[in-house]
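First the structure, which I've put down as structure tokens, then a few questions once you've had a look.
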Amino acid sequence: MGGEAGTGPGLSLGELAVRLGCELEGDPDARVTGVATLQHARSGQLSFLANPAYRQALARTAATAVVLAPEDAGECPAAALIHPNPYASYARAAALLHPPPVFPPGVDPSAVVSPAAELHPEASIGPHVTVEEGAQVGRGVRLGPGCVVMRDSVIGAGSTLVARVTLGPGVRIGERCLLHPGAVLGADGFGIAQDGGRWLKVPQVGGVLIGDDVEIGANTTIDRGAIGDTVVEEGAKLDNQIQVAHNVRIGAHTAIAAMVGIAGSTRIGSHCMIAGQAGIGGHLEICDRVVLMGRAMVTHSIREPGMYGSGIPVEEVREWRRGVARYRQLAKTVERLRRLERRVDNLTGEGPGGESDD
Amino acid sequence: MGGEAGTGPGLSLGELAVRLGCELEGDPDARVTGVATLQHARSGQLSFLANPAYRQALARTAATAVVLAPEDAGECPAAALIHPNPYASYARAAALLHPPPVFPPGVDPSAVVSPAAELHPEASIGPHVTVEEGAQVGRGVRLGPGCVVMRDSVIGAGSTLVARVTLGPGVRIGERCLLHPGAVLGADGFGIAQDGGRWLKVPQVGGVLIGDDVEIGANTTIDRGAIGDTVVEEGAKLDNQIQVAHNVRIGAHTAIAAMVGIAGSTRIGSHCMIAGQAGIGGHLEICDRVVLMGRAMVTHSIREPGMYGSGIPVEEVREWRRGVARYRQLAKTVERLRRLERRVDNLTGEGPGGESDD
Amino acid sequence: MGGEAGTGPGLSLGELAVRLGCELEGDPDARVTGVATLQHARSGQLSFLANPAYRQALARTAATAVVLAPEDAGECPAAALIHPNPYASYARAAALLHPPPVFPPGVDPSAVVSPAAELHPEASIGPHVTVEEGAQVGRGVRLGPGCVVMRDSVIGAGSTLVARVTLGPGVRIGERCLLHPGAVLGADGFGIAQDGGRWLKVPQVGGVLIGDDVEIGANTTIDRGAIGDTVVEEGAKLDNQIQVAHNVRIGAHTAIAAMVGIAGSTRIGSHCMIAGQAGIGGHLEICDRVVLMGRAMVTHSIREPGMYGSGIPVEEVREWRRGVARYRQLAKTVERLRRLERRVDNLTGEGPGGESDD
């Protein structure tokens, strides 16, 4: 809980400042070997201040250096790495101090790779991986343990499938993507036709197209298109347990938190932010730069950028039940109000004193 | 994005008409090799019109043939395959033009199959599959890469486990079922007993029984019964990331969209349609032919067929917050109304002018 | 459907009474070999009565013995195993009659285990398992088919990963834990920083720490911490398809039903009970002994033990839509009420007759 030691020998603050493009106030030869929160940092660790709520933790931190904004630098008891976007600078520093593991190129003997697949010699294929015929695996790709890459799928250079990721037939993944365990891309969409009281399967003959620099969370599912592709554009970030139905399009640099469901053929713009457990109906359009709050229920298209929410947060359970009962009585309440308005109209001998618009 | 080429040489329209039971208006020797939307179809492709919203795309389509209803045939600029249920006919045509892959019978050398399992010689067992003792795998079954079939499970003829499907002990799957990657059938139900402030596990000794022609989506979970079986009846279709708790029964030909949760011991009738993210409490009964809208929250049994919904869709965030505040004040609002009613009663010198029924 | 035969020769009621600490009314030499519901039990089976709703099934049961509370013993037509907590006693009996399978120690030849991993000689490693360098697998641990244990993860004695469970790097699992298929522990948390219109990944360098006696359901995901650990304390029970974000802490003996989402850095107390599909926002505190009803939406911390709920259950669809319309008009309704209050004030020549507090 006391922060994390990096895996390397660490970096000097001077080198960090150069690589992050930060201004340094402090000893350029001091070294940090890992990152920690302001509260838990020890000497030799790097911390950051990006959220004003943690400003009071700054004064007491034992970190060797802190990444922070110019306006906070004056109160920093440690060396300061100063940048107008301290959170992004921290992210870069953490990546330098905790570099991702490097997997040696080659194919684990337990992997089953079709001779009709194309593997770049610098790809790393882990244990129990399956790669079917026609698949193409690019330079520097890592397929972790248990991944399944079905026929004719294509994975761009530098992408990582951490473990137990499944790509259905003909899924195309861009470069530098990161797919977490249990993600399933390219399963059949939910296409069924009524046929005399039974459901008939509608073949799902489209594909899945994932742009560059996309991250996809654990156990997230992205179905193949019914006809044409389901698309996630470059730079989009998807958290865990998200469901993306057939023929959805998610715009570039849109971020989606866990457990969001997006029904078929809906188009989501770019630079949107969608919080956890939101649900978006089918055949809708969400324009660019829309923010959906957690649990938002979207049943109509949204054509104006902005923040949108729905849902009534918890109450103590008796109060909740009373609230539901009052909600159910709203029709009667409005009717009582209308009747009372008429009585007052009669009393005053006038016409309606207020517009009656329900 | 421009539609999909089929994998075979295609079919003549005459042959299609015969196999689909359609009336053909057009050249019976013309051929189609794949399907596409009306908008994206090219020559040599088959399209369909099932939703009136797309009627205007019909006039401009470049498809060689279109499956459509009799009332739309007059406006078709291409060959017309006419059927009163054009969507089902399209589904059949797409299945003919895009037949599912055929997997050669046999066991991949990397699979681990217990000598005490029964495999039909025409079953196809893919890489990294595990089949435990006592399991029975029927004729024409495909177990795709990474599937796990635990002891004493039974898989009926013609069923497909696409990849990385897990069947717990004693799960029984009917014929012609299709299970998508990451589905887990027969994990323990959530049975726990309070025991002096700690939870004691209640052994889940029931099974899972899946009827014929059932489809189960990616990462869906269907728990084994506590005692007795969890049951999905024939022809039911389940989308991705659905949770079916112990001892639930889902009726025949019911369709359930993604992310629906069904709590323990609830029974859902046949021919129901349940939209995405709905939640159904435990120990309830949902009768036949119930339609639940997206995100529906069901806390009581439903005994009448019909459509049911709940939830308040998104508003701009300030409006949403004001709405929540007004909802919280409903009690006070009703009290103000009651007080005002009494004042008006006093003014008129009469008894209550309106029933006061809250 | 008629109850389950146990896997052993069964037990005498006398032996059961001793091992469960029950009082026995009946023949101590009678034997039971499996469990069943009161309704479906046959001779030779054990049943239980824990829920008063099933009391009428007691009179007609064909079970050989029934576990029940002292107040119900008088009406038992079979042998009675009497205990003040009949459900927990039933759970113990069922575990005796249906013992979990014992897996022989050793490593399946298809498993890929790093020579730099530490396996206890009494661990059981199933087919297609991957264990990476630095991992430690304790005594009596079972790693079922397809599990992935990444570098430096630690699994305590007696824990079971049923099948296809993934542990990311450095995940620590306590003793006697039970992890169901498809669970993913230690995937990256959803940490992203805005950087000039693009998202920059924030390295997730913390870990996951799971206490003793924790159960984790199928396809549940528990992300690693951003800095510091995500923690599930001892005795907590998590159902299927739950999402636990980075740096969440779940208290001891808390039970969480399926499809609950918990956003980042939220702390949940001990002995809480959270029903299905609840959603809890980030950076919140839920105190001990809180009960959340199904689908509860939590956007603020909860500091008082008790039961909390939210959401409006389904109505017939036209009624639902009318309700939403009325909800949207609440502002106008309150305005009409205010206007009417003023008119009545004018009529009476008095000041406001009721506080106006919205």
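Note that the chains take the letters A, B and C in the order they are written out, and that residue 1 is the start of every chain.
Rule of thumb we're sticking to: a contact is a pair of C-beta atoms (placed from the backbone, for glycine too) under 8 Å apart; a residue touches a chain by one contact, two chains touch by 3 or more.
As the structure is a prediction and not an experimental result, all values here were calculated from the model.
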Exercise for the section: For this assembly, give the contact graph shape among line, ring, star, complete and other. Expected result: complete
Handout entry: Interface residue identity across copies chain A, chain C - same or different by half
Key = different
Problem - Centre-to-centre distance between chain C and chain A (centres being mean Cα positions), rounded to whole Å - result: 25
Fill in the blank from the handout: Multi-partner residues in chain A (2 or more other chains touched) are 110, 128, 146, 164, 182, 219, 241, 259, 311-313, 315, 327, 330, 333, 337, 340, 344, 347
Problem - Interface residues, chain B side, partner chain C - complex - result: 110, 112, 128, 130, 146, 148, 150-151, 164, 166, 168-169, 182, 184, 187-188, 190-195, 197-203, 205-206, 219, 221, 223, 227-229, 241, 243, 245, 259, 261, 263, 279, 281, 291-293, 296-300, 302, 306-313, 315, 322-323, 326-327, 329-330, 332-333, 336-337, 339-340, 343-344, 347
Completion exercise
Within the complex, chain A is touched by chain B residues 1-4, 6, 34-37, 40, 85, 87-88, 90-92, 94-95, 98, 100-101, 108, 110, 126-128, 144-146, 162-164, 178, 180-182, 213, 215, 217-219, 235, 237, 239-241, 253, 255, 257-259, 271, 276-277, 294-295, 311-317, 320-321, 324, 327-328, 330-331, 333-334, 337, 340-341, 344, 347-348, 353-358
